[in-house]
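Input: a single structure, listed below in structure tokens.
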């Protein structure tokens, strides 16, 4: 090791890295999927009520829609349940053919991903501890520490909240980025942060599960849509999935699932996903 | 904690043991292979191995597992989740084991090698009959120590979604907001598993010192 | 693919650098604290009072069975059950300190056991007792012989700091993960992080070599 200089080591490793970086895994087209017989999808491990585990089985709004798609697809669907930070990179690098998980449609994301027809409408809200008198309205959020999921659209949309706070003379407090929302909710209960920003549908669920600990506040973002992303350009697979999703709207099964998980239905969503953010 | 929780923890423990045992089984012989390459002083490979070992020994398990699972597919190397976890732990262990084996090889008395050569033994025979049995005994305590370190670093695979013992305990705590009971159970699991390895290591050290080995 | 990855990384260099500096700061703070705490634990470990030595030995053995990640979660999410709520950065440094102090105490003890008895007995005969014996006779020798292993422990602290990503500390691995999750450049991001960790560890190794040469020169 003593005779080995740093520069030689660096050159060796650098050239090794360069040599291996040429090929990128490609997501499979519909024809390839049909040929090999299966499609790979990624799902987040705990994002209620869209996807979560109950008694060891994956379940949730997205999961049940996926089960319906499986019966109509005609090929096997191999699902990988992984942390959020791996999902979008997994789709853009071709590791997964699609992400069947709650992904907010943003203009930034539409540059590298093609989204299916929206599965639900979404607004970000804040969640606070029940009975926390410090927070009566949005302007009270100024300067308080908040929790949000790392690398998420909710994090990206915080500037909208910042604008709202600035209008009343305040500003955004410290942002703590968690690897997943369960840890954020735990810290909210413990008092390390004063509010959590997440999509209203998820906050409703946690507030219902723990009504003595949490309560939902007000909207902190403009409405946007949640849809399943595919790698840009995978047009035939996109068409197949859209066919299924729009069919599920027509025969009411999507709205029935929405009623089941969200207590409300979104019957006026556009057929094509659009981004307000 | 309900029955479902205990089952989840048991499943987590099974994953911890499975991932650790497989990584140990792969990393220990690979480390020997690398050590032999360096010992043989093969021109070009020697430097590459030295660099690789140095890099792997400096990389945290969490960072490495994220790289193996999320980054390698972009260059064509796809591994399913469990295998990625095993591969990561094996890679880290392999690097440390290389140094352990190398230390044993370097301490090997050269006169035995000369004697073996004088008797006309080929390189392969020398290695298999003279060198390996003795360095295996000499390196054993350090290797077992490295195995306990591997088990203690195994929770790193949780960040790519493998539900091992620690992650199982954390999930229960995050749902019930009463994290102490599952944490204590997970702690007990590790004490038992690591304790078994440490006890083995202590026994091996005592036997080694007592001179029961050549 | 290379150009895109490196391009994004260069744009995000501030975030990556911030993560790197956080790792450096945390590791340094933890190393200093763990070193001091480890010294104190070591003194207790070799205490003449059997009860103290045994209790400490048992505690150190217990710490060496615990995975650091579990210990981290215990400090961060477990302590609040006892009314102690600490922020994530503090919790991380405390976890690193306590965890590594146990290892340092144990390796110092190993160094102590390997010391030739005559030196210590001579010191005793000359009137050095208890803590003065410790400070002037035992510690210098133990520390000197333990330098390489202390260097190893420092590397371990740097590597363990990566686990703090799970309690939302924005250190190097967190920074790399957030960049790749937002810009979809996992290979460039994590390789960059790996290389930065390598730089830190090579610095520690260089430091150990420098200290050893200085020690040799002084002898």
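Lettered A, B and C in written order, each chain numbered from 1.
Keep this in mind: a residue touches a chain if its C-beta (ideal position, glycine included) is under 8 Å from a C-beta of that chain, and two chains touch if they have at least 3 such contacts.
All values derive from a computational prediction rather than experimental measurement.
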Centroid-based (C-alpha) most distant chain relative to chain B: A
Of A-C and A-B, whichever chain pair has more C-beta contact pairs: A-B
Geometric centre distance via CA averages, chain C-chain B, whole Å: 20
Interchain centroid distance [CA atoms averaged], chain A/chain B, Å: 35
Contacts with two or more other chains, residues of chain C listed in rising order: 1, 77, 165-166, 177, 180, 186-187, 191, 202
Set of chain A residues in contact with two or more other chains: 21-22, 24, 86, 89, 93, 179, 183, 186
For chain B, residues that touch 2 or more chains besides their own: 54-55, 70, 74-75, 159, 173
Chain C contact footprint on chain A (complex, rising order): 6, 17-18, 21-22, 24, 84-86, 88-89, 92-93, 112, 150-151, 176-179, 183, 186, 190-192
Residues of chain B defined as touching chain A within the complex: 4, 7-8, 47-48, 50-51, 54-55, 69-70, 73-76, 78, 80-81, 159-161, 171, 173-175, 177
Interface residues, chain C side, partner chain A - complex: 1-2, 5, 77, 80, 85, 87-88, 165-168, 170, 174, 177-178, 180-182, 184-187, 191, 202
Residue ranges of chain B touching chain C (in the complex, touch as defined): 54-55, 57-64, 66-67, 70-72, 74-75, 148, 151-156, 158-159, 166, 169-170, 173, 178-180, 183, 186-187, 190-191, 194-195, 198
Of chain A, residues touching chain B in the complex: 1, 4, 8-9, 12-13, 20-25, 45-46, 55-56, 80-83, 86, 89-90, 93-95, 179, 182-183, 185-186, 189, 210, 213
